[in-house]
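Note that the chains take the letters A, B, C and D in the order they are written out, and that residue 1 is the start of every chain.
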């Protein structure tokens, strides 16, 4: 017990003695964990985000002027059967009139006495992210309807956003890998500095008959402390940020972030233990013969 | 029991010891003498396995230097008290902490450590200087601290390298008497020294080393 | 001469001995200089960027349907006199017809036999960044014309972009100030570590009769070396990036970046000298009594 | 000329020297003796102004400790050669670099440094060990290295603190003879020592210090 207390206090002293380098290790662990935490949350929400984005997909279809509303309804029911189409919303001539008003600031009925605008239909795409959507094939199928005059779609922009999202995930992953190794490196560097500063102590301990594990223990403890502080800080920040942004995002985008605090903290802690353990063993293995 | 069989060690830059053949009983008191640079410190380092022999082997108690593992060296050293020629005191720890270190290593309880450190400091006449850092002690006081640190774990063997170099004749004489007392209680002592006046006529075995070889034993 | 060579080699050795912490100082200086370099370039281009953005400002004015083209031309010449208006472009009924076609995929002439769309006019705003524009007052003046029916303007979005630009400049400036102090801090930390490691040397030198400046010199040299490496690296990166992005930005935005390489390098070098000098004097003053 | 006027210095934790009144001529050779912890090292540190007196003052050559500036202390030290009890050799520099350091400080040229270091190492019998680091030298060799470093700048005064503690009697005797030779060439020497046998009967002045005060001079 007293031996353990001794080793622990030695570890804390080591940490404190090199406050500044310890701080940089804590910071790099912190960074690693923030990034991995973000990635965990992102991956938990990926399907929801893609669903959310696809919800905004729409293809606008304009029908020929002579087509009656009944005919339109028939065509729309066929459109609904196309693979990849989730739902459709028909925009009647009255709806179109309102859109015209908002676009041009004019009441078309007043000007020409009747409504020349065509019936149109908004085609919504399936939201489920497990299915990859081939917009082009849907467009081709729509074009095959003789009743359809023009097809407008913003699909390109939105699938580009989806692409950005995936790029972001991939980028974060690569950054995560980089900062992961940087963390290991800075931790082992910090501990190496401590080992340098304690050269005499280490030598004396070995001459006195301390086993290798006794000599190593304070350095391993130092590393674990650094890891612990880093993971505590990053968990706090992440949870704080989540709590804060949850309401914000819900209010502005009506998107509910999904997360599991227990899983998050657990993952961060185990990651930090892995990093600090590898980092400090690397330092002690290389510098304590 | 210490036994050195055909021991040789040569440093890369030259110097060292060669063909050392020697043995010591469990309750012996022996002096190691020889001019400066003759290999006394090297021989002692070989005995406590700070250096491992290039030729021959060292047997100390149950431990044989042949193929010994790091862990066993650590255990062996717990039974050997060493007084280093260059003290090896830690500059950033005070006298108390320096002397307590060997007890932390063997895992004593806090109370026991406080008691034993106090006793051993009193024994070498450093009582009251517990809070001094090594830089705040005189040369002779540092040397006595080193003796106290070697003694505190009540070792089976004491290896002392020039423990009176910075002591005045009176204090040196007291140290020898102290060593003799410990020896009588059954601790083997091997002490390297230049101080012929102190050594001679005390009836102990004298081992002379010159140019890395034992001349007469 | 031999004394200088000795001090210089001591400085280089110090740097090399703590490669890793030296690296972090070099990196923080590098960061500071990159940010200040960016700010210098940004401030040299501010007026051009604002001009570029204002070029995209426009207010759309719709005239009442009964107003003749001659009357419109008269009104437009009055609009041109409004303070803050740079130029105007009249959109005739024919132009409006084309816009309708592209919006609704229908030829309005074919449908109703005549063109009901109103004449409109695009009002451009002065580009000069020295004048701050009061969009609201222009709008009010436009509203006072009886001939005008509706006014559409994106001014808000674009002045928001201008706001973002200024926010960016301010943000960069604050970051600059922060990293500036972090740099000083890391340099003095690095040198402090060297001083710690050289405690014995310093003590011995002082006991031997070395003056304080002799003892300090290698540490100051170490600091200046760090500063020099940092400024060399950041100058190289900035110039490389500029060369690369100049063509890119010109091709895509037809915007020519203005910069003065000599001024840039000079500023970066002097900044790095200031930082490393303050950093190393701080360390030596505090830790060499 | 060294002159100590009513000198006192007490450490925070106790110990030190008090009311020291002493003077030494430019060509004197004096021994400083006293039991361990009596204040010999403290007195020498006061003379080379590593400690500044709390009461009284030290005059060494043209320098007076009263209100002296850091820079002047540096210049004073260039004329004083010091042999430290704990050597103060730099562990991470080899013997050559250690000995050359004082010459770098006074700004000698490279060639001169090489020549003078070689000569002074030969003089103390360490020729051929230039590339050894302090940890690769025996205790006695380190002590002699320390003597060489003190001597290399041809100082006006040599302050030697226990320079024979790790030397065998023969080498110690040689060192004293060497100091006497230097002294005959006009260098003042003040040497703290425990080794009464070495000192007695050589006709030099002996200053005895006990409990921080001079007893007889």
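Heads up, the rule we're going with is that a contact is a pair of C-beta atoms (placed from the backbone, for glycine too) under 8 Å apart; a residue touches a chain by one contact, two chains touch by 3 or more.
It should be emphasised that the depicted structure is a prediction, and the values quoted were computed from it without experimental measurement.
K.L.:
Going by the contact rule set out at the top, which chains touch both chain B and chain D?
P.N.:
Touching chain B and chain D alike: no chains returned.
K.L.:
Across all chain pairs, which one has the most C-beta contacts?
P.N.:
If you count contacting C-beta pairs, the leading pair is B-D.
K.L.:
Return the chain whose centre of C-alpha atoms lies at maximal distance from the corresponding centre of chain B.
P.N.:
Relative to chain B, the chain with the farthest C-alpha centre is C.
K.L.:
Distance between chain C and chain D based on Cα centroids, please, to the nearest Å.
P.N.:
Averaging C-alpha atoms per chain gives centres 64 Å apart.
K.L.:
Which integer distance in Å separates the CA centroid of chain A from that of chain D?
P.N.:
Those two chain centres are 70 Å apart.
K.L.:
If every chain is a node and each touching pair gets an edge, what shape is that graph: line, ring, star, complete or other?
P.N.:
Topology of the interface graph: a ring, with each chain touching two neighbours.
K.L.:
Would you mind giving me the full set of chain pairs in touch?
P.N.:
A-B, A-C, B-D, C-D
K.L.:
In the complex of these two chains, what residues of chain C are touching chain D?
P.N.:
Chain C residues touching chain D: 1-3, 5-6, 200-201, 203-212, 214.
K.L.:
Mind listing the chain A positions that touch chain C in their complex?
P.N.:
My answer: residues 20-21, 24, 62, 65, 103-106, 108, 111-112, 114, 116-118, 149-150, 152, 189, 193, 196-197.
K.L.:
Give the list of chain D residues in touch with chain C in this complex.
P.N.:
Result: residues 48, 50, 70-71, 74-80, 82, 84, 88, 90-91, 101-102, 104-110, 113 of chain D touch chain C.
K.L.:
How about chain B: which of its residues touch chain D in the complex?
P.N.:
Within the complex, chain B contacts chain D at residues 11, 13, 15, 34-37, 40-41, 85-86, 129, 131-132, 136, 138-142, 144, 161-162, 165-171, 194, 196-197.
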